[in-house]
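Note that chain A is present in both complexes that follow, paired respectively with chain B and with chain C.
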Partner chain A sequence: MSKSITLSGVLPAAGFQRLLDAVRDAGFRTIGPRARNGAIVLDELSDVAELPVGWNDEQVAGSYRAAKGSGDRLFDYVVGPTSWKRFLYPPRRELWHAQKEGQAWVPEAPADDFEPTAFLGVRNCDIAAIRTLDRVLLDSGYREPVYDSRRSKIFIIAVSCAAPVSTCFCTSMGGGPTPTDGFDLSLVELGSGNDHRFIISSGSERGAEIVSALNLDEVVERDLDAAATQDRTSVEKINQVPAMANARSTIAATMRSDHWDEVADRCLSCANCTLVCPTCFCVDIEDTTDLSGTSVSRHQQWDSCFTMSHSYLHGGSIRKTTAARYRQWLSHKLGTWHDQFGSSGCVGCGRCVTWCPAAIDIRVELEALEESLKEMTTEEA
Partner chain B sequence: MPLPMLPVPMRIRRRVKETADTFTIELEPPDGTFAFEPGQFNMLYVFGVGEVPISISGDVSRRDVLVHTIRDVGTVTHALGRLKKGDWVGVRGPYGRGWPMKIAKGRDVILAAGGIGLAPLRPAIREVLDNRDDYGRVVVFYGARTPGDLLYPKEVVKWRARLDAKVSVTVDRADRTWHGNVGVITQLVSAARTDASRTVAMVCGPEIMMHYMRIHLAKLGIADEAIYVSMERNMKCAIGRCGHCQYGGDFICKDGPVFTFAEVESRFRIRSL
Partner chain C sequence: MSKSQKAEGPKRPKLAVFKFASCDGCQLSLLDCEDELLDVTGAVELAYFPEATRATLAGPYDLTLVEGSITTPHDAERIHAIRRQSKYLVTIGACATAGGIQSLRNYANVNSFIDIVYAHPEYIDTLRTSTPISDHVPVDFELNGCPINKYQLLELISALLNGRKPNIVPHSVCMECKRRGTVCVMVSHGVACLGPVTHAGCNALCPSYSRGCFGCYGPKETPNTNSISARFEALGLPPEETVRLFRSFNAGATEFHNASLAAEHSKPK
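The block that comes next holds the complex of A and B.
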């Protein structure tokens, strides 16, 4: 993937089904955005009508609202509570099982039956999140076998964001509304009604191959101008977080700040932020046995540093207080992730902000830490 | 490629009761050989119960047997304690960065263990005593709660009998049979008499013990860069991906468990990290 990006052409929105069919004919099932119980989630689809046609979302700290409007656009909303991590590194997975024969047993790993899958409507922040997970699960010592195999079976169809919300801050994390890399195909949705169309770019050979059969229209000046305007408008709408630039050093210097106790007064320690986060990788591992105790299955499942068991040592947890647990989350995500994997663990998707029942905003907390650092340094001076 | 989370079942060849709550098991590697470095650990799995990190306590030169000394403190260690000769234990490992055996060559060495901390340090002590000529002055400090809690008592007596090493043992609380030192391990430190500038110290015990040991070692003039400690955090994977053993920017399972005090000094001062 991510060789040279080529502008492939323009697909009229009326022909979107042809793209879905071409992807299916190439051997991929498709997972993409779908409206479910008032939220836009990721699930299998095969028909364009299954997309959240005309849906929009509104997201602020602690609140999410998505609803069908009168329009006909396919992607005028941003990320929902699900991330692609759910498919690449599922919430629960068997690692191995074993059957006792007498006293002896031999562990066996199950085969992974993940089919080749097209991810449709991947936002640029989520491409960055997949790259971040790659660094954790593939490039830091050994390759996580199931993630590795699933990663090689996905076909990424990205889409530019035309309707960012208040929780978006990708531009402060090195991203932006338009994907530039890391996809097989990328879409820019333009216009509506009779003028509704998609500029398609390809970022891989197989991407180019799939679109070559679609008889796309030629990209003209008018399309490029519209795409540029849409991108600029989105960039202007996306909140800037200047404090991110120094996040790592701010956090390192404020690990003993009182501010953590202040956040802890509001934080419910519910773990929502880590569960919606597209890069959190912590897992717990546990046994399930049958009644006779002769067969065992060992599973891993998503875990969170907000649980007491995460830091448990016999005698008690290391991070007993909410303050210590919130600090682990924020300082890992924005700080020590750099030490571990050479990048921030945050991509600016804003999910943790939206889905926090207490409306705690990681950006605001970082800014408060920066403030508390200034106070600390003036006191010392 | 072997799957990283798959344990290898090994049979218990021998089981020794060490103290009221501590025991040693000797495992048979299926292909007859298991290589490791002092300070490394394995993940030991009990069928249907769970898996825990346990240091390797045997001799590095004995590859035909895998030795673990375990204190029964909870679910999995208790289940390990109930296993008998001939039973099977799942093993993954060895993992982690161990004691600085190469760096210690040619220098004075202080080895200090508190409680079960002797188990992870024992391969280093043996390595040093078995290759005595490779090192300068050798000092071993060992502290336990009571005389009944002392691990490997016969072996420790042999160490103490050696004229080429200073081996001091202390207990927090003595009984009538005890004729040795009573009190905390740190009180032994001033008698080390090593050349501070060329001393390497390896310290293993509860965090609070390592904290005070470092203060006393610093008083002798030993730099934080030459003091090594073994850290402990919850561990589920031992290969840097379950996230449980994070200690600031390090994963204790793969960046440790052994660190220089200089590496962890700033983190030692952050509570509940």
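The block that comes next holds the complex of A and C.
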């Protein structure tokens, strides 16, 4: 919050390439939304034409459909299956390897070759997710070295959400469609056709520096009114989940609810929810040798609390049932995360809802738990 | 390095490869380890591997790889003799691990096939079922897949040689899709995919080509086949298609077998 947000100006959409070029000239490669296999994923891009121009998406529990429409807007969709976690905290990486030379082992840690990178089109929920990962991987007594190093190399270009979908619930997690901090630049896309433009705000000195070269138009009343209307319309479209306000206490009080077994009837324990989640950080460590036993390496890769091996202690897994594993995930995400890291682990991006092959909706399950709590309380009384 | 080790000869553990009812694809994946093949022969002695060499050594063997399922009375005897000769016995592939595609015979009367296929059915001596090796003898490790992944085979051999646990995990194919960044074909296109109930190991090959998972690696740990079948139905897949999905290379795997029966019984009359 200490960094002040400055309204920098208005960029006509026709000049969007100038922004991409300015970011490149400042020494950043750009990763942003790209249409691929019928979905909007995050990947490298350098040309405005590589953005999903005119694309829209529809998302409900267990279903995602994205397609190119007739429009010309650049960001009229929300988050897809990729999260920024993929780039800051990669799915698999080598921690170190060692070679046996004579009788001695010579260890070596590979250098991380992550280049300075601009994240383009970061939604407010994903800014919150990066902040959540910061608390976990940087501010809780241990600094994860690769995350730390990559985090210092990113330039965040946020964008306001103008087309929320049914799985969005950021407003129930303290967020909203328009980023308020945690970015270098922030864009509000307005209008279309001849009137298509972006209000650009800067949230850092380097952000202000980059836009200063763009000769932006002055922001006028009409732009601010349009932005306010767009924000209001988006807020109205985003689902409110009142049960989230009491999630922590609801879950703490329903650890023995029958509802966990009911979810487990549907849960596939496939781990998709945890891997699309922008804040799930569990990893597994894998040690390998070559055939001759003279070369060894250690890798870290994304793991999930939905696997048996995640809770494996000497003698076996301690969370053998899917009910126990689903409960572990939800109670950590919405409950004990507060105790551990001082916030909820959920930012309301809705990825776990959309990308669950069994169409399990975290919001519906929480509401069902709240119901089961009422029943349990009535029975006791 | 490996060549000098090869010269040390006698110290190398003895590897044997035996074949039962199968297509040979899995054992060929050992020969398919082109870049690593010299390292393999440097690390182990190919004591019995007819696909690779006519030279054979008598048992006992340190590591025995068994391909194929048990489909004849003769094989049901032979596997016991092999087990007695083997320190570690590892099954390779869907046939040896789950009965293979030939376990489709378990759903029909095998004599009806024999009459159609053979001019002189009286010469054929076969069992009514195709069964996995583990139904007959204790098995130390099972490598899934149709065919197996050669890197998993190398990992297994490396692990045994170095006295460590192999990094071969029974979680879902979905985890491989998500790690490699493949967009979920079921969620984004409504394609029926067995990935959520299937054992990882192929690095999610089919979904990376926009195809649903065919379940070549068999059931994952704790597979929820009821839920995935219900989801297939919700996606509009007819029950007979669900039966076919579960009844392929791993038709004989218990969880897939039960799922195919359940889907069969849910067929509208």
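Methods note: the second predicted complex is superposed on the first by the 376 of 381 C-alpha atoms of A that agree within 3 Å, B and C clash if a C-alpha of one lies under 4 Å from a C-alpha of the other, contacts with A are read in each partner's own complex, and residues count from 1 in each chain.
Basically, contacts are C-beta pairs under 8 Å (C-beta built on N, C-alpha and C of every residue); 3 or more make two chains touch, one makes a residue touch a chain.
A quick note: this is a predicted structure, and the numbers were derived from the prediction, not measured.
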item: Combined model on chain A: chain C and chain B, fit or clash; value: fit
item: First, second, both or neither for A:F75, with chain B first and chain C second; value: neither
item: First, second, both or neither for A:M255, with chain B first and chain C second; value: first
item: Touched partner set for A:F198, first chain B, second chain C, both or neither; value: neither
item: Chain B versus chain C as contact partner of A:Y326, first or second or both or neither; value: neither
item: Which of chain B and chain C A:G38 touches, first, second, both or neither; value: second
item: Partner chain(s) touched by A:F16 [first = chain B, second = chain C, both, neither]; value: neither
item: First (chain B), second (chain C), both or neither touched by A:F183; value: neither
item: Which of chain B and chain C A:S63 touches, first, second, both or neither; value: second
item: Overlay on chain A, chain C to chain B nearest C-alpha distance, Å; value: 5
item: Shared contact residues on chain A - chain B and chain C; value: 286-287, 289, 293, 309, 320
item: Residues on chain A engaged by chain B in the complex (per definition of touch); value: 95-96, 98, 100, 103-107, 109, 136-137, 140-142, 144-145, 255-256, 281-287, 289, 293, 296, 298, 300, 303, 305, 309-315, 318-321, 323-324, 328, 331-332, 335-336, 338-340
item: Footprint of chain A on chain B - complex, ascending; value: 1, 3-7, 9, 47-51, 73-74, 86-88, 90, 232-234, 236-237, 239-244, 246, 248-251, 254, 269-273
item: Chain A partner contacts - residues on chain C that touch it in the complex; value: 1-2, 5, 36, 39-40, 42-43, 154-155, 157-159, 161-162, 164, 167, 169-172, 174-175, 178-181, 183-184, 186-190, 193, 195-197, 210, 221-224, 226-228, 230-231, 234
item: In the complex, chain A residues that touch chain C; value: 36-39, 41, 62-66, 80-82, 86, 91-92, 264-272, 275-276, 286-294, 301-302, 304, 306-309, 320, 322, 354-359
